[in-house]
């Protein structure tokens, strides 16, 4: 009788726990599915060619997001251009050059600290560091994003550098190659996958960023070329979404931008998986 | 030969510099926040600033008490953890131990997608779905407030918690589980009595990471929390977080008001540094 | 005939652990010297000291005198890259770079400043011919080297080492990762190479030492127990420990 009771208790623990697990997974999945569908359904009908190809005008009271699209492209371009050499260089230093363990742990600790700092603080410091000197402009925003994305590029590059076999380095040193030549010809080509993964992750982060850009890059909607654009204030898509939704109550436009951002997020995740799979396959040969 | 050696040293120097950039950035950020954050605290007085219950920065007799923001941030984060951690943890156990590979990889894509959604998009959906929903369900005049913020934050920290817990649980050696199964424990018992305790440092790190994400989130919260500088007395109170206090007034502030905003950022930064230290502690233990 | 590499009272530490104790040896030019001994006896470590590959491992300390053609290889004015150009190395596991066959062989000459295409072509062809792999790869020089078989990869690595025209070739168990047929091809190749190069080879396989080498050094627990002509070592070993090892009593 007692045994029976005990067994029942075990059984109910099992059933109960499993039920909670299924519930949690179901909730998570349903949530994401709801978000995705809700945004796409509300947003896609609002994405018109006119919206994509024009700029907002007070006269016609029409809203276009062309400037925001361009600003986003400019800021992504400028940020990657600047962060790549810095991040890759730092990773190369850590895996190839650094000899003191203490130095490595200090740098890694700093990188972790950077990735833990919330974007609103980046926005504030970016304002003090950059915008107060060069004015509120896309470039100031890009520089702020460079600091934010430095740890990402560094980490992914470092991870892929670690997978470059030691035997390659030995082989090159054994032929009398100097350190720099070994790094340039044998090590760096091996970290391409890490750099690409880092870029994809960074693009995702830049697309989603708003708090760090609000006070550094501003929220103007003017159509500019690349060089003028970087020197002028401007809103990225994400910042524009915030402004249209919160300040102006233009929910149709906000949803259109949200849908575009969702599609881009999907695309980025897909690309990241694809890249990882591609390189995993090549590595296994 | 001399020239080669010089080139090698020069390049070594360049890489060293690049390596030190992160350290430089951290120092620079800390320095700027301290330098621009201290003056207002001194002028207002640390006690008045940290424990003052009233924030009226634009009033004639301006008051700069940030206790409401501090408490809101703490309550909001705690609420998000209370909701988000159980869901995330249970999902992680399922994905790591029970799910078939197909479900696991599909769910991991789903979680990555959730992680990739920009915070303003959460804010937008929160504004248009969650806030009216809360108003109707609880029969309150305005749904924008602490509860809405907590729910949004709970959803936003889910990916961090799930990903990190799954990593920790995946790393538990199979031998431990086999030993438990061989003693007659059911799989579910094994997972909760052997695997989870073995991965507890990693799971703790996941929770801490969630805390960091929640306390640092600004834009999504700004869109759903109402943003009145009230003490967080009820779940439906319109409230302001540390982050939204900075973001909300920054664009039009000046003088002491702006300095006070920097001081708020400094307080937030100290919170984050403390959380980072805790995170590192757990991660180090996990490695051991 | 005087030696090309001469080692006197060399000791090596990995941190606190002494891996080599007072090694003395004279390597003769244009000969094959084999290092034998049980795993962990220090023979590979010693081999890697000769072209300073141990520099890459942190915490290694070396004392004593190692001379290559009369120069102290640890002297300040010695350029380690030039030393490694003179004393090439082939590793235990074939380690071609993830590049084309041609680029692999051309890597060394390019490293040392040769950019002339005609000259590079010439060097690559000769190195591949010398490594007895030319006929197998001449039609696919632009193909990735990682697509070759293990034995071919190892001969490519030998060609790569030969392309910088070293005087000495250090080989660290070059056949241990290969099948018997590839092994015998490499052994034949090594015996031909002795015409022009000094070869020092670590081997796990005593038959291999007997088959190919002129001199044999027996290492045990970081000590060079005995060094003599191969015939003498295997017919009339001077030390009891050598005898025990070659007759298979331990190891």
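Just so it is clear, A, B and C label the chains in written order, and each chain counts residues from 1 on its own.
In this section, a residue touches a chain if its C-beta (ideal position, glycine included) is under 8 Å from a C-beta of that chain, and two chains touch if they have at least 3 such contacts.
Given the structure is predicted, the values throughout are model-derived calculations rather than measurements.
Student: When you average C-alpha coordinates per chain, which one falls nearest the overall C-alpha average? Tell me, please.
Tutor: Measuring from the global C-alpha mean, the nearest chain centre belongs to A.
Student: Please flag the chain sitting at the greatest distance from chain B, going by CA centroids.
Tutor: C
Student: What whole-number Å value describes the gap between the mean CA coordinates of chain A and chain B?
Tutor: 17
Student: CA centre of chain A versus CA centre of chain C: separation in Å?
Tutor: Going by mean C-alpha positions, chain A sits 48 Å from chain C.
Student: Averaging over Cα atoms per chain, report the distance between chain B and chain C in Å.
Tutor: 56
Student: Multi-chain contacts in chain A: which residues touch at least two other chains?
Tutor: 178
Student: Where in chain C do residues touch two or more other chains at once?
Tutor: In chain C, the residues touching two or more other chains are 81-82.
Student: Counting only residues that touch at least 2 other chains, which ones in chain B make the list?
Tutor: Touching at least two other chains: 4.
Student: Sort out for me which residues of chain B touch chain A in the complex.
Tutor: Within the complex, chain B touches chain A at residues 4, 7-8, 11-12, 14-16, 18-23, 25-26, 28-29, 32-33, 36, 86-91, 93-95, 98-99, 107, 109-114, 116-121, 123-125, 127-129, 155, 158, 162, 186, 188-189, 192, 212, 215-219, 222-223, 243, 246-247, 250-251, 261-262, 265, 268-269, 272-273, 275-276, 279-280.
Student: Could you pull out which chain A residues touch chain B in their complex?
Tutor: 10, 13-14, 17-18, 20-25, 27-29, 31-33, 35-36, 38-39, 85-86, 89-90, 92-94, 96-98, 103, 106-107, 109-114, 116-121, 123-125, 127-129, 147, 150-151, 154, 178-180, 204, 207-211, 214-215, 238-239, 241-242, 245-246, 251, 254-255, 258, 261-262, 265-266, 268-269, 272-273
Student: If you look only at chain C, which of its residues touch chain A in the complex?
Tutor: 51, 53, 56, 58, 81-85, 88-89, 91, 93, 95-98, 107-108, 111-112, 146, 157, 160-161, 164
Student: If you look only at chain A, which of its residues touch chain C in the complex?
Tutor: Listed in rising order, the residues are 99, 165, 167-178, 181, 185-186, 189-190, 285.
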